[in-house]
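Across the two complexes that follow, chain A remains constant while its partner is chain B and subsequently chain C.
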Partner chain A sequence: MTEAILQAQGLHKKFDEVYAVKGVSFDIKAGEIFSLLGPNGAGKTTTISMLSCLLTPTEGDAKVDGFSVTGEANQVKQAIGVVPQEIALYPTISAKENLQFWGRMYGLRGKHLQERVDATLDIAGLADRADGKVETFSGGMKRRINIAVGLLHNPKILFMDEPTVGIDPQSRRRILDTVQELNKLGLAVLNTTHYMEEAQELSDRIGIIDNGELIATGTLDELIKMVGEYDTVRLCLDVDGQKIEDVIEPLKSLPEVKQVSPGEDCVMIQVPDSENILGDMVGRVTQAGAHIRSLEIQEPNLEAVFLHLTGRALRD
Partner chain B sequence: MKALTIAWKDTITRLRDWRAIVGFIVAPLAISAVIGLAFGGTFRAETAIQDIKLVIVNLDSGELGQVYSTVLTSDDLVDLFLITEMDDYEAALELVETGETRGVVYIPEDFSDELFANVSATDGSYNPVSVEVTTDPASSISPFIITSVVDQISVSINTLLLSGQVGVEQVLAYAAQLGPELAELANIVPGVIEQAATDPGANQLGLDVVQVGEAQQDISPFSYFAPSMAIFFLMFSMTDGARSILQEETRGTLPRLITTPTPFAEIILGKIGGTFLTGIIQFIVLVLASSLLFGLNWGPSPLALALLVLATVSASTGLGALISSITPTEAQAGIVGSSVTMVFAALGGNFALASALPDYLQIPSRLTINRWSLDGFVKLANDGRGLEGVLPEIGVLFVMAVVFFVLSVVLFQRRFVR
Partner chain C sequence: MIARILEIARLYLFTMYQSRSMLLFGFVLPLLFTFVVGQAIVGFEPADGQQSWSLAVVNADVGDLGQQLIERLNDDPSLAAVATEESEAVRQVEREEVAAALFIPADFSSRMLAGENLDLGFQMNLAEPISAQVVEQVVLAALSEVNSWLTIADSAVEIASQIGLFDTSIGVGQAEYFDDAVIAGQEALQEMPPVVVESRQGVREAESQGGIPSGVGQTSPGMLVIFTMFTVLGGAAGLLREREEGTLRRLLVMPMNKITILAGNMLGMFVVSVTQTLILILGAVYLFGTDWGNELVALAIMILVYGFSITGLAILIASLVRSYAQLDALSAIIVIPMAGIGGAMWPIEIVPPFMQQLSLFVPTGWAMRGFHDIITRGLGVESILLEAGVLLLTGAVFMLIGLWRFRYE
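On to the complex of A and B.
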């Protein structure tokens, strides 16, 4: 088994009496892509901030490349590349000047700095826009430079906090491809996301985080096994909030139904074999006076895992 | 080293922003030029100055008082002054009040007697003897000419009496030669007149020219308002500069900087250093521009000027940093920064003479960077003083700088390293 490049042990972070992260432990092996998947406010950024020595853990510690984030911050900082959730660049100077500046902050100088700036501009696919001010860039281009900054000093592990939020599909595609290419060259990646597709596609292993706790860790297959043989039926109604409550009880009373989780105007129903009871379900809902707008059967996926573990949908 | 990189990045960013250039350099120059012109500023000194209306009230029972009218009405000065002689001092002062004359030279009754008594005094204890000069507070250049000429006459009287040539005849003969020399005065830009020639310190007989009324009248408006506006706008850019620390926090670049292997103190040092560098550049440009465009003389000592600029920029940078370190958000820092800048400017004399403030505001005024700095610049640019003259101002400003800087680094550290 390969050596772990990162080991988080019982990380806690308390903000004004409230714990944002409570006891997160996981390992990332060298050359692995690990995703922390969780909804808004789950504690992803707080966790990554503690691992980047930006926040001091209230309790617990982590080792990156063998160095402690609490005691050996400087060595840790040399080993990690950090890509913050928000674009952290200087908008009024050019992409190249940004990269040069950040490169110097990582201690790069002279010819080596120039080489790394050119290399990361290539990775970002923005060599031809090197002299353009960052403020004139599209969201996707900014994101790519934001990532390029994290790669300047050839880190051993790259931390990316929701790198694909709010950008167009092409840019997103490009970023995911780039990350996979870099990973093939040996770069370990810690990625956070609330897109299950992204976690599913990109990661070697996934940690599901909710309410500051890591509730499951494993490969995609391992996680899906946790839901067992259940299918998820997503049933959306043409009703106002009042009536969605009305259909929950009738659905729950069906013997095969394992779990019913209400959302805004949809319910998620977990059943062992959806095809056999679809008719019964539709009957109960119609009897309750509701109109079905759509009905979807989902193969077991991370969404279902999250639902299974928390009783809530990953997205509203 | 990395602090320098940060400072340089900030400076370059700011200098590329044309709005900043307008705000920090063009605006202060324009405003001081407008104020200078409104006051009939010194830049008109090159046009001929003539027919300055002046009243002489000579009540001296002896002969020496006559020297003043002899010299002032001599052929050489006939173009410069339009002299009227009067006996009623009160009435003469009234004329200045109403603007009918530019000034009054008053020689008291016992002028000659007192001076001669001083000459023959053996114990060296002199009674002060004064010629009183009252000038029109509304004009700027004529008071300077009048005082300079009267000063010059007084110095000559002093010198003659001291050299033993106590005869009135001799004094009058000598005074007659003064005319051509004094006539030159009008053609010289006032700021260039050798201070030594009119230095009251040379009046060893205790003969002194006392300027009555507006004590600050001899401050030329441009040499007051150019540094004044420079300080005012410097304070703006300094609070603005320090605010960029908070801007980097909201923008996320400060947290990102903390994740790089750069010590926190170096980050803050770089941020404050960038503001400082901008301030130095701003001030140097203002000094150069005002001397080249408006011929303003920033004083005889480049070293004193450099140190005073350094001290002023250091203190303002420190104050800006302190404000940012205690205000929760960038927006609030902006509001607090501008308010402090305005209050300090008003108290410190950037809009009107600080010495004209009521007594109860003198102490608050003395607590501002603006007051100390401005006093220093006036001493250099207007009074022609050297380094020694402004050492107290430089010292106080550096002490302020150190206090502000240390406090703000401590507070920033507490705030951002969690």
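On to the complex of A and C.
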């Protein structure tokens, strides 16, 4: 059995009287990619901040590479690489100078530092732009240097907080490929995201977090099994707020419908065999006076899992 | 830890001096202001060979001593004593055309000769209290000299009387003898004053007036005090920007102590303030001929302790404000009043006494006192120890509170 590189036990974090994280426990094995999936404000960044020793847990503890985040911060920090959500770089100096500075902060010096700077520039695919000032880089290039900084000291586990937010699809693809390549070399990764597709594609295991609580963990298959064989039908309507409520009850009255979750102007309906009752559902909605703008049938996925567990759509 | 502190300081210096705005706001503007404002306030300074102060004199004396007093006053090259009517003298004081007015009474000569106490009228121009005080000292010195002539003559007459000079048939009259003795006394005092007192509190004539700094002698230390404070506060604002942009948070996940981060930044701010001060002093010396005195050790101490003090102040302020934008906006509100109160914008000697007292509560006030001790008064290390001590102490207190209160996230 592979040894866990990270073990979080009952992590709580309270700000004033509000719990941002409530009893989060999970572990990550060496060489594993683990994603924390949840909407904005779910507690992902607070969790990663506690694991990075930036925040002290109100309760609970975590061990990284055998060291406690509450009592052995320097050893933990030496074992982790952190890629923050924001571009935490000095824009007026070059990519190489940035990496050299951050490398020195990790205690690297001389030839070893230079080797690591060159290696991480290669990983980022920016060796040819090493002397360019960061402020002249595109958003995707900045993100890649942002990741490279987290790899400088050869960490045992990389924490990535929403690494692909706000970048173009091509740069996102490149970053995901890079993470997978690093993982193949044995690097464990803790990735937080609110992109279902990213978690689905990248992760060995996924933890679903909502309102500060980790509500499910497992592989993609294990999580989807929680939903069963249900399809998710997404009906978007041309109605005002009053009328979308009017279609809920007629839909719920259909015996095959397992769950109906209203969104702003769309309704998510979970049914075992969507094709057989599609006509009935359309009829009920039309009878309620609503006009269907679009209809989408989704195979079981993480969106359906989240909906199943929380009663809300992840994208809402 | 030391290596990381030095590395953070090195990055701070690199990014600071990389910026073109540092060249403009750190060096060009202060030197420009030193020159331009220095020319504007050069009016404090007497032109070579001209009198510094005017004194209106109303001479009602029926004897000769009143006129002799006026002549004696005009022997002082820094004073122009002009005889005038009483109403005109009062008007000139009220209109601030003269530093003071002196009223010599009708019985001045007779009472002086009789050795009686007498009161001279002296009206000060309250708008120029320092100048009026200097003029008053000159008048007292002149009176003392006139009194010395009379004392010499009295003594001579008394001795002549004792040896019976006036009893013989030589025909020497006592009154004539007294007049001759007065003239002899005047000549003797002019040629060989009995006691010479050389005051070390004296004035460096080139850039001050009666101890009041003027011209570039005022603006050179003043502008460097103002602009180095702006620069260092800008550095503190940069630290807050790092907090907002995430680099500070990233530093916090590095394997090192939090204090290392602030220590590195403070070292950077301190070095920037010292180098900026040195460059501004050299610029003023070589571009405008500003006399920064000869007390290099005292000057070095003042530069270091002022840099330390404003670095502490910057960290304290950074710990109290919420954001980079807030500190950026507050910089001028903090620096300009502090500069005014401390005497960096105008000589502290020309403001009312309560304002002079107020200057003791701001580091700029102590810095300007120290710099003027060196520049204007030509004093050395011993004279700036109090100023240096106060700046060192306040800097340390500011720094400790700042380190304790600073929010890293």
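Everything below uses one rule, namely that the second predicted complex is superposed on the first by the 316 of 316 C-alpha atoms of A that agree within 3 Å, B and C clash if a C-alpha of one lies under 4 Å from a C-alpha of the other, contacts with A are read in each partner's own complex, and residues count from 1 in each chain.
What we mean here is this: a residue touches a chain if its C-beta (ideal position, glycine included) is under 8 Å from a C-beta of that chain, and two chains touch if they have at least 3 such contacts.
No experiment lies behind these values; they were computed from the predicted model shown.
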item	value
Combined model on chain A: chain C and chain B, fit or clash	clash
First, second, both or neither for A:305, with chain B first and chain C second	neither
Chain B versus chain C as contact partner of A:89, first or second or both or neither	both
Which superposed partner A:78 touches (first chain B, second chain C, both, neither)	both
Which of chain B and chain C A:56 touches, first, second, both or neither	first
First (chain B), second (chain C), both or neither touched by A:105	both
Of the stretches 41-49, 113-121 or 167-175 belonging to chain C, the one that collides with chain B	41-49
Chain A positions touched by chain B in one structure and by chain C in the second	52-54, 74, 77-78, 80, 82, 84, 86-90, 92-93, 101-102, 104-107, 149
Of chain C, residues touching chain A in the complex	3-4, 7, 11, 14-15, 18-19, 245-247, 249-256, 409
Contact footprint of chain B on chain A as seen in their complex	49, 52-56, 74, 77-78, 80, 82, 84, 86-90, 92-93, 97, 101-102, 104-107, 149
Residues of chain B that touch chain A when the two form their complex	2, 5, 9, 12-13, 16-17, 251-253, 255-262, 418
Complex interface listing, chain A residues touching chain C	52-54, 74-75, 77-78, 80, 82, 84-90, 92-93, 101-102, 104-107, 149
